[in-house]
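What follows are several structures.
Next come two complexes, and both contain subunit A; in the first it sits with subunit B, in the second with subunit C.
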Partner chain A sequence: MIVKSIVALIAGLLLSINLMAGMPILKGIGGDFSLNSSLGKQVNLTDFRGQVVLMFFGYTNCADICPTTMAHMSQLMDRLEPEYRSRVQVLFVSIDGDNDTPSHLNKYLAYFDPSFIGLVDTRDKIDAVAAQYHAEYAKLAQTKVTTIYKKLTLAGESTEQEGYLFSHTAKIYVMGAQGRVRGYFYMGTPHAEMQSQIKQLLKE
Partner chain B sequence: MYVLLRLGRQLGWLLVMPLLMLLIIGLTPKVQASDLPQYDLHSVIYQWYGALDAKGPAQSSSHHLLNIGQPRKAGSGEQAQVEVDVQLESQDKRIGENPYPGSYEEHVLRISSDLKQVLASQTTFYSIDDFDSKYRPSRAINLIKSLVYAWTHGLDSYDSETLEQLLLPSSKFIAAEAEVQQAAEYAPYLLSLNYLKNHRSLSKLVIEAANEGLDNYHVTFEYQWWAVNQQGNTELAQIAVEIQVQIIAGEALIRFYKEVYLAPITDAGAEVRC
Partner chain C sequence: MKFKLLVISALVSGLAGVVQAAPLTISAPWIRAMPPNSRVIPIFFNLHNPSPEDRVLTAIHSDLGEVEIHETVTVGDMKKMQPINALTIAAGKMAALKPGGYHGMMSHFTLGVPAEGEFVLLTLRYANGESQEVNVEVVRREKASMLMTNSN
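== the complex of A and B ==
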């Protein structure tokens, strides 16, 4: 009984501290941009004013962090109540413009959540947005990779062809209703914490 | 409080604890002023020891500060001075001897109420080391730390005059903010942001000799800049600063200043890379 009470006390304490810690506005990072999207048109960050935007830099041939993070955000969306869910937008910025087309991004993201929007554009434009958000990435040497998405991309081509890997940040950039960066989530951020922070941002 | 404790037993602590925490935090001051480093105080102390290091033949003494205590009031009234305890390792260069024992010392410094001048120093503890050490000069380090702390305080207090005094007239200045083109615009720009609170924390200070013969040094450090805006929101920035310093007549001055924004680290877990 005493142990139970202590556990409840600690859990309550942690929960209360978590709920009180709001996300600060991060200076010197972020800003508006305009990129081609999986919707088949240009998307501006300003299109999502009034919404919380969760933005991730990745690529569809990624075997680990990208699909895991997308799945984590998909589960988050499922947990959010409809009134909050409609005010959260997930953006997936492809750092692999050589292989990821808007239609391929659409197919990839629909697997996780049809509301997710993919962004892909010329290397220069993607690099400019990545620099704005301090989202470092680098293409690594040709390495053999096999994922379901790799196979889809290379349908009809030789399965012996070598793939590639990107080293990239695993941050989920969290933007508040005014479009300013408020912090980061990652695939290890508990859903309860993400929900709490998102609701707090939407109440501002 | 009694009501909350009764509720805790009846409804379960998981529900009541957040309310209890809100109450406790509401009653506690958010940030104690004394918790924040006083860069103006640290600046005047490092300048004092840097000046001592520069005295004497061939700058033959060194003072390596180990700790600066919390300041306390000395005297009463508006002109009350400030006293502070300083712990340091001191060395006096001995000709023909290296290594040799230095000394551990504790000083009490009396500082003017405006924190601009050390008025008196008293040694309260002195102990010769029971080990030998090589002579390590400290003059440049102390003077440069004084400069960096004074600069930091100047930014936090929007003190244009101090900032300009710390720059050589021919210095080159590149701010992180695109709106600021020259040093003279920096403090007025920061003031125009109308922050309710504003504080920089220094970290990763590295001092390297660029040309020791000419007393030129290359210095890098980072600021974590924390502010509360007019809407009551906390703003956070991480800034990398690179400066080139020249020591002229016992004073370190900036001849090149460049800062860039970094991505603030708010959650170590989010720093993993794929």
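== the complex of A and C ==
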């Protein structure tokens, strides 16, 4: 009996420690940046201090992972109470600057949620942010790209840069009110779990 | 039992004059509603093969655009989507085209991006020369999320 209650006590303590530590600051990853955006102006990560930032690297010519993730986050926003929702910012960093112009991103993301912001810039700048966040991405070899993808380019472009299936990090970076990376969500993370983590980060 | 079935199907085939395999059952079809300026849309459904033979889906056709069969693959932390030439649905089994897995990718829309609530007629083509049609609704949000949860 005593043993049982001690075990229960320890289990309870461990659980509360675990909840408190829910999302520790991840060292050596992340940091501030400034990129051109779907708002038509430069956006700095520092613009979102005091908010939880959910950041995803993707591209709009992606049929499965990216829209599934965007729909998942759009549903999350719908579930959050207004006082929390206004303190959550979704950022979609495009790894396909050749096709995702700021205005294209703006229209695309507005369909999922008008508050979502798209970031797109020169290849060098996007690469730098991807490196900061340890977000890998790669254009797949031409040989693996099908005819349909080869045709999915903007009119008038040379055939050289056609074909752009990407492989990319599919996690959602979760940043706390101070802009530090606190962990990751995935397209399968249950909304309830996302909500409770976000609320906890906003209470800090 | 199996023998009886074989005899019956042999009889039926004999009568019909051609060997006709049992059709596959398509369930829970949906197309994710995408932004009007999207260049691609994903297609999802379950394909159940009640026949005693493997069936191979080789193409999805639509008059409204070009469709490829794709597979989402996870390598470590990375995900990529790649085209596949065929999808085998084993005898008596089900293949699921669902978010994060197999899916149809439609592009080059002849009449623009199909909007929420519209239906897209698809023709599924199989390696044995057969084909079947399915009319799929474009849906978003709650309905889509519900189906996603079910398929998980």
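The rule we apply is simple: the second predicted complex is superposed on the first by the 161 of 204 C-alpha atoms of A that agree within 3 Å, B and C clash if a C-alpha of one lies under 4 Å from a C-alpha of the other, contacts with A are read in each partner's own complex, and residues count from 1 in each chain.
The definition used in the following text is that a residue touches a chain if its C-beta (ideal position, glycine included) is under 8 Å from a C-beta of that chain, and two chains touch if they have at least 3 such contacts.
Here the structure is a predicted model, which means the values were calculated and not measured.
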Worksheet item: Touching A:Lys27, do we find subunit B (first), subunit C (second), both, or neither?
Response: first
Practice prompt. Report for A:Phe48: first if it touches subunit B alone, second if subunit C alone, otherwise both or neither.
Written response: neither
Discussion item. With both complexes overlaid on chain A, does A:Pro67 touch subunit B (first), subunit C (second), both or neither?
Written reply: second
Discussion item. One more residue to check, A:Phe116. First (subunit B), second (subunit C), both or neither?
Written reply: neither
Worksheet item: So, A:Phe56: does it touch subunit B (first), subunit C (second), both, or neither?
Response: neither
Worksheet item: Is A:Thr189 in contact with subunit B, with subunit C, with both, or with neither (first, second, both, neither)?
Response: first
Worksheet item: After superposition on the shared chain, which partner residues are touched by A:Ser167: those of subunit B (first), subunit C (second), both, or neither?
Response: both
Discussion item. Looking at A:Tyr108, would you say it contacts subunit B, subunit C, both, or neither? Reply first, second, both or neither.
Written reply: second
Response to the item:
Contacts of subunit A common to subunit B and subunit C in the A-superposed view 62, 64-65, 136, 166-171, 188
Fill in: Interface residues, subunit A side, partner subunit B - complex
5, 8-9, 11-13, 15-17, 19-20, 22-29, 58, 62, 64-66, 133-134, 136, 166-172, 183-186, 188-189, 204
Worksheet item: Which subunit C residues qualify as touching subunit A in the complex?
Response: 32, 34-42, 66, 68, 70, 72, 74-75, 77-83, 99-100, 103, 105-108, 140-142, 144-145, 148, 152
Worksheet entry | Residues of subunit A touching subunit C in the complex | 60-65, 67-68, 71-72, 74-75, 78, 99, 104, 107-112, 136-138, 140, 144, 146, 148, 151-152, 165-171, 187-188
Worksheet item: Hey, which residues of subunit B end up touching subunit A in the complex?
Response: 12-22, 25, 176, 225-226, 229, 233-239, 261-264, 266-267, 269-274
